[in-house]
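Supplied in structure tokens, the structure appears directly below.
Read from first to last, the chains carry the letters A, B, C and D; within each, the first residue is number 1.
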Amino acid sequence: MSDFNPKIVAFVCNWCTYAGADLTGTSRMKYSPQVSIIRFPCTGRIDFMLLLKAFANGADGIIVSGCHPNDCHYSSGNFHARRRWIIFRALLDFLGIDVRRVQFSWVSAAEGAKWAELVNSTADHIRQLGPFSGYQRLRGLGVE
Amino acid sequence: MARIGVFVCLCGENISATVDVQKVAAAAAKIPGVAHSVEYKYMCSDPGQQMIQNAIKEKNLTGVVVAACSPRMHEPTFRRACSEAGLNPFLCEMANIREHCSWVHEKSDATTNKAIDIVRTLVAKVKKNKALQPIKVPVTKTALVIGGGIAGIQASLDIANCGHKVILVEKEPSIGGHMSQLSETFPTLDCSQCILTPRMVEVAQHANITLYSYSELESLDGFIGNFKARIRKKARSLDEKLCTGCGLCALKCPLKKIPSEFDAGLGTRPAIYVPFPQAVPNKPVIDRSHCTYYLKGKCRLCEKVCPTQAIRFDQEDEIVEAEVGAVVLASGFDIKHGDFFPEYGYGKYKDVIDGLQFERLASASGPTLGEMRRPSDGKVPETVVFVACAGSRDPAKGIEYCSKICCMYTAKHAMLYKHKVHQGKPYVFYMDIRAGGKMYEEFVRRAMEEDGVQYIRGRVSRIYERGGKLIVKGADTLLGARPMEIEADMVVLATAGVANAGAEELAQKVHVSYDSYYFYSEAHPKLRPVETNTAGIFLAGACQAPKDIPEAVAQASGAASKVAAMFSQAELVREPLIAVVDRQAPPLYSTCVGCFLCQTSCPYQAIEKEEIHGRDGQLIKTVAKVNPGLCQGCGTCVALCRSKSIDIQGFSHEQVYDEVLALLNRGESDV
Amino acid sequence: METLKNKARELLAAKTVQVVIGYGRGSGGSSRAMFIRDPRQADDLVFDGACLQNLAVYLMKPEVRKLGKAALVAIPSTLRTILQLAAENQVGDHDLLALAVNAAGAVVPLATLNAIETHVAALDNNLSAAEKEELQKYESMGLDQRRQFWEEQFSRCLKCYACRAACPLCYCSRCTVECNQPQWIPVPAHDLGNLEWNIMRAMHLAGRCVNCGDCSRACPVGIPIYLLNQKLIGEVFANFNFRSGMAAKTDNVMSTFKPNDLEDFIR
Amino acid sequence: METENKSIRRDALEKLFSQWLAAGKRILAPKKIADKTDFAWIRTLDEVNLDQVQTVQSPKTAIFPRVEELFSFKSSDGLVQIRDRDAAALGEIVVFGLRPCDAAAFAALKAIFTWDCPDRLFSARLEKMTVIGVACARADEYCFCTSLGGDPGATAGSDILLTDMENGQFLAEIVSERGRQAVQTASGLFAPAATREKESHLAKVEPGFNAKAIAPVLASLFDDAAFWEEQSRRCVGCGACAYVCPTCACFDIQDEGGSSGKRLRCWDSCGFQLFTLHTSGHNPRPLQSQRWRQRLMHKFAYMPERQQVLGCVGCGRCSRACPVDMNILEHLRAIAEAKP
């Protein structure tokens, strides 16, 4: 699957990870262009439905990233998000949906290097897993 | 139909070096709804901004996407430019193709395609942007300061001196707090009351300050700029207007032997009393828990002797209501007392005292008039052992933090003792000496070198009495943990600084968060140290954590400047990027079903209950309502709401949903 | 049985309640909900092993609410539903009278939420051994095996929303599936739409579902959606030590957090 | 045409199936799935289960699929191209093992889809459908076909109706031209019928009420809110009844995909409060009782009036599928006996 270029969507919070990704840029660190960022005020804002929409629309992988515990700009948004993810992951796994497709992480505004590393390793990982056909094949099924 | 303008920036070569900007602009032009698409060398430059403004007018654009650097860099720039051209600033978005694209990828088609993806995503978003108006919240320009210690006094004076009204609430009969109990202050050894009492008087006389002493906050409702406070004025049993503070009542009161709070229990006071001579206000209060009349129904001697008939035995507590715009919490701290240290015999041996008691012993206005006489027999102690970290930094005692002030006041105590008892032998048991601060380290050195205070590094394990002496058992860890035993005449424990007994209750009344030690939590440990997470409520002094005087004063002034800044405009103007609860036409009124899960998730108590009543006045339903004064726009409630009845402006369901779809669906038109 | 009938008569006669919501005889020996407003109808009340429907669903139905204060014949899951509804501000204290039937067949009237709490606390509210065993069966499957199983199941989903309608905790006046700006869940009952609907349903019931099983009983094509609820009931308990429907006042487990929540999946 | 009577051995059906499949026909037949039996696309005879009284769903999906594509669209450079669904490309379908009530129901669907303007795709699917019914040997308390003019051995709507003669043979009544063609292509499998007597092999369904009486009563009951509330009080407003119903034809139109996608038609139900909700927030049928009334009115008053056909064949599926045991037969009896 070496010639496979995965589509990866990153849902990140504005205050930590988005700023961290900015730092990656200002530090001119390089990473895989397969990942594009969508900006949210806080990980607490990220609706699990959006992750499903990303998969349904052809995402092979997803990164969800925000402030480290206790660093949340809104003090507890990331804690609420974390609790939601715990349950969401359990459900996806139970439904046979490969949770390795979603990488959760904390990347602070100072961790430009971590962001680059996270994106590259995630891209490699998803490349190994191949296209998320298990989910994408659903599109169109059940329509006469 | 949307008419979006896309403005692709080359950023010199920062973007164009790796991204084919012509291709990006061309692709953007093909995105449905894009009416105008150009590239330019420096979009943020004046000609660049001019270019955008002209396009807005000529092509009458309904939205703008600037594909350039990070919005964290230039979003304000371009939004301002748009609004100057008559386009609502919130109809402008930035596509970050520099930090998130050109700078992090090599020159390639993939990089250009990603830039196009980003632009397409932001075009999809901006199509769903709504023109938003800044939120304006009216401000009542009166501040409520809770706590009349040095922090509360400083904050009150600073705010009042900015020309704003202040209501200062102090639960004790007099303001002054712990500082008024201190003898001298480190590192200058100037008399505490000499520097404090002028400030107290200033408070009393200040035209902008209303002082409610012997009063407590009953409740606080409302939100930033618009709080409603209810204050309980406890009955002094006295008509303050008539009372001249002559003190005759206290003189004649038959009870004299009530332990004085001010003297930390070392001195005594009558049942009707003024805590200390320089008290502000200088009006007595009857301690009903001791007064013979209240206990036995007879006496009323004070009433007879009062030249102005000011005594009011039947006086009741009074509730005063006040509208305030901001609140400063300066409720201070306390120190550990009582049987917290059984191993040190504290509370058991009269001559094992705490730091505050020593302050009173050393104070010229104290029970011994400043003479160094030990509590038990009034003898001058020959040998005094000072124990630092009594309780602090001791997980076993459940207090893991450093109380911060002890190192310094212990050095001060040892010095004061030496200055008063020249032949005396002061010893200090310590763990580490933390003397960070201007002239602090020098101060401790002086204690050691000039005043010959014996510093022993080690914990005290036990203190017990033997032949009229207090035996202090410890170890000198610098001498290979050599066991030490000192025969002392008096022991002073630098007991841990802790939150006030009422700290939790007060926090819950005003809805601020606190840590596991009941010290109040600041909004951000570094960047917002004087704010709380509840907008409009600020912190000053030791209610946040143990502090020395200069720190408490500095923070108080910081809080005061926050309040003054808030009061400097007629209304608060806030970005409208906040949550809103769905409203509908009758019969539905709102899709909210009022489960109020959102309420439990909100870090800012911004979600209120709103009752919707029919014409007949009868309740139809209770739904959530976001208080725009409190909401900070995190959106946690939005993701939690099952019926999607809460949305957040600027990151709405439609906006983020369309972003996801646009990012992943490359139309045939582009690339 | 007689005691139940008598209780119903007594409550209606004394006008303590305006309606008794209970079980009557249904088609083919089944049971069905009945709404008794006239003491004389009380004779038709039945209570036996066939009485499985969670009648709390009617507490949220305007047509029933307008009848006035109700006495509700309550099986254990109904009682827990009432508490969960209270925790979600949908029913208040003294809004209704729950009529529990204890093992001995005696009627236990529970007039306050507090009384219901006490009653529920004494019951076994864990997943049954059989339920755990069945979950185990699926958890031990391979990922792909599970995917295929659910794909086959959901491919039969009609999107008739009987699961939603039968669930007393699906009381939103506008369900997310009814939002079309944006269209969160596709309206058609194709495989993707069915999967998304079922994921959303399970997520929205996480930390709330009391495992009454009505969703699955309601499903005309027999999709075992109770498995999803039970899975999440187990996860919520294992991770957050929380069980829904035990207290009338509780911060919902999914809208609160603990600083030390599981973290090992986050980089 | 004149009905022709033939017979076919049970085991010959296997051959029949393989011939159909070989000819590219798809077969929709009752199949056991877990503890339920429902129509499914099957490949072999042993998948088929004819023992059940009735399937969960009706076979209407053969001509009115749960979700079907009407056309696809693509927009680029401001232009939208639409590609219509190619009706000619639709494959042949054999519906096997449905009950006489279901066969009769196709007439009701046809009446709706060809009423004012004939539905292109529906008509095409109908054209390509062969209906092989199997008469009812058993019935249950939910069945009431006989109250509505049907019966367990009725041939109406079938191209061929099979009756299990309980001796390894099926009586095959060839009802239509399409039936005759089916027999011809399967020559050798069908033999002349020994007997045409089938009554003894049929289920008995006692008429439950007088259908004629219903329509006028309904009209007079329209404004009797209390009556409908009483009937529908336990209804929780799901769409199960409509989705399993062989004659319910309400549908929704949905576009999926952004700049390029499909327009889909999918089932809908008048039982949903959303069904009649206006954008303004106003809902002409805000109450479940009104939606229940609409369901009955449409089947027993509006359709007879507009399409001269009843919207119900008495299959009893809605009663069996209902999570709260809304038994339609019971309710119809109550209506027939109601004194307006």
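The rule is short, and it goes like this: contacts are C-beta pairs under 8 Å (C-beta built on N, C-alpha and C of every residue); 3 or more make two chains touch, one makes a residue touch a chain.
Note that the structure is predicted; figures quoted are calculated from it, not measured.
Taking each chain's centre as the mean of its CA atoms, D is the chain most distant from chain A.
Remark: among chain pairs B-C and C-D, C-D carries the greater number of C-beta contacts. Chain centres here are Cα means. That of chain B falls 44 Å from that of chain C. As a whole-number value, the distance joining the C-alpha centres of chain C and chain D reads 32 Å.
Here the CA centre of chain A is 46 Å from the CA centre of chain D.
Distance from the chain B centre to the chain D centre is 70 Å, each centre being the mean of its Cα atoms.
Residues of chain A in contact with at least two other chains: 48, 76, 80, 84, 142-143. Counting partner chains per residue, chain C has residues 176, 184, 188-190, 254-256 touching two or more of them. For chain D, the set of residues that touch two or more other chains comprises 66-67, 264. Taken as a graph of touching chains, this assembly is complete, with every chain in contact with every other. Against chain C, in their complex, chain A makes its touches with residues 48-49, 52, 56, 69-70, 76, 79-80, 82-99, 103-106, 118, 134, 138-143.
In the complex of the two chains, the chain C residues touching chain D come out as 26-28, 30-35, 53, 57-58, 61-64, 156, 158-162, 164-166, 178, 186-190, 214, 217-218, 220-222.
Across the complex, chain B meets chain D through its residues 30, 32, 584-588, 661-662, 665, 667-669.
Note for the complex: chain B touches chain A at residues 70-73, 96, 98-101, 103-106, 108, 110-111, 113-114, 117-118, 121, 513, 523, 533, 577, 601, 603-604, 632-636, 638-640, 648, 650-651, 653, 656-657, 659-661, 663-665. Every residue of chain C that touches chain A in the complex is listed here, in rising order: 138-139, 141, 143-151, 155, 176, 184, 188-196, 199-200, 202-203, 206-207, 227-228, 231-232, 235-236, 239-240, 253-259, 261-263, 265-267.
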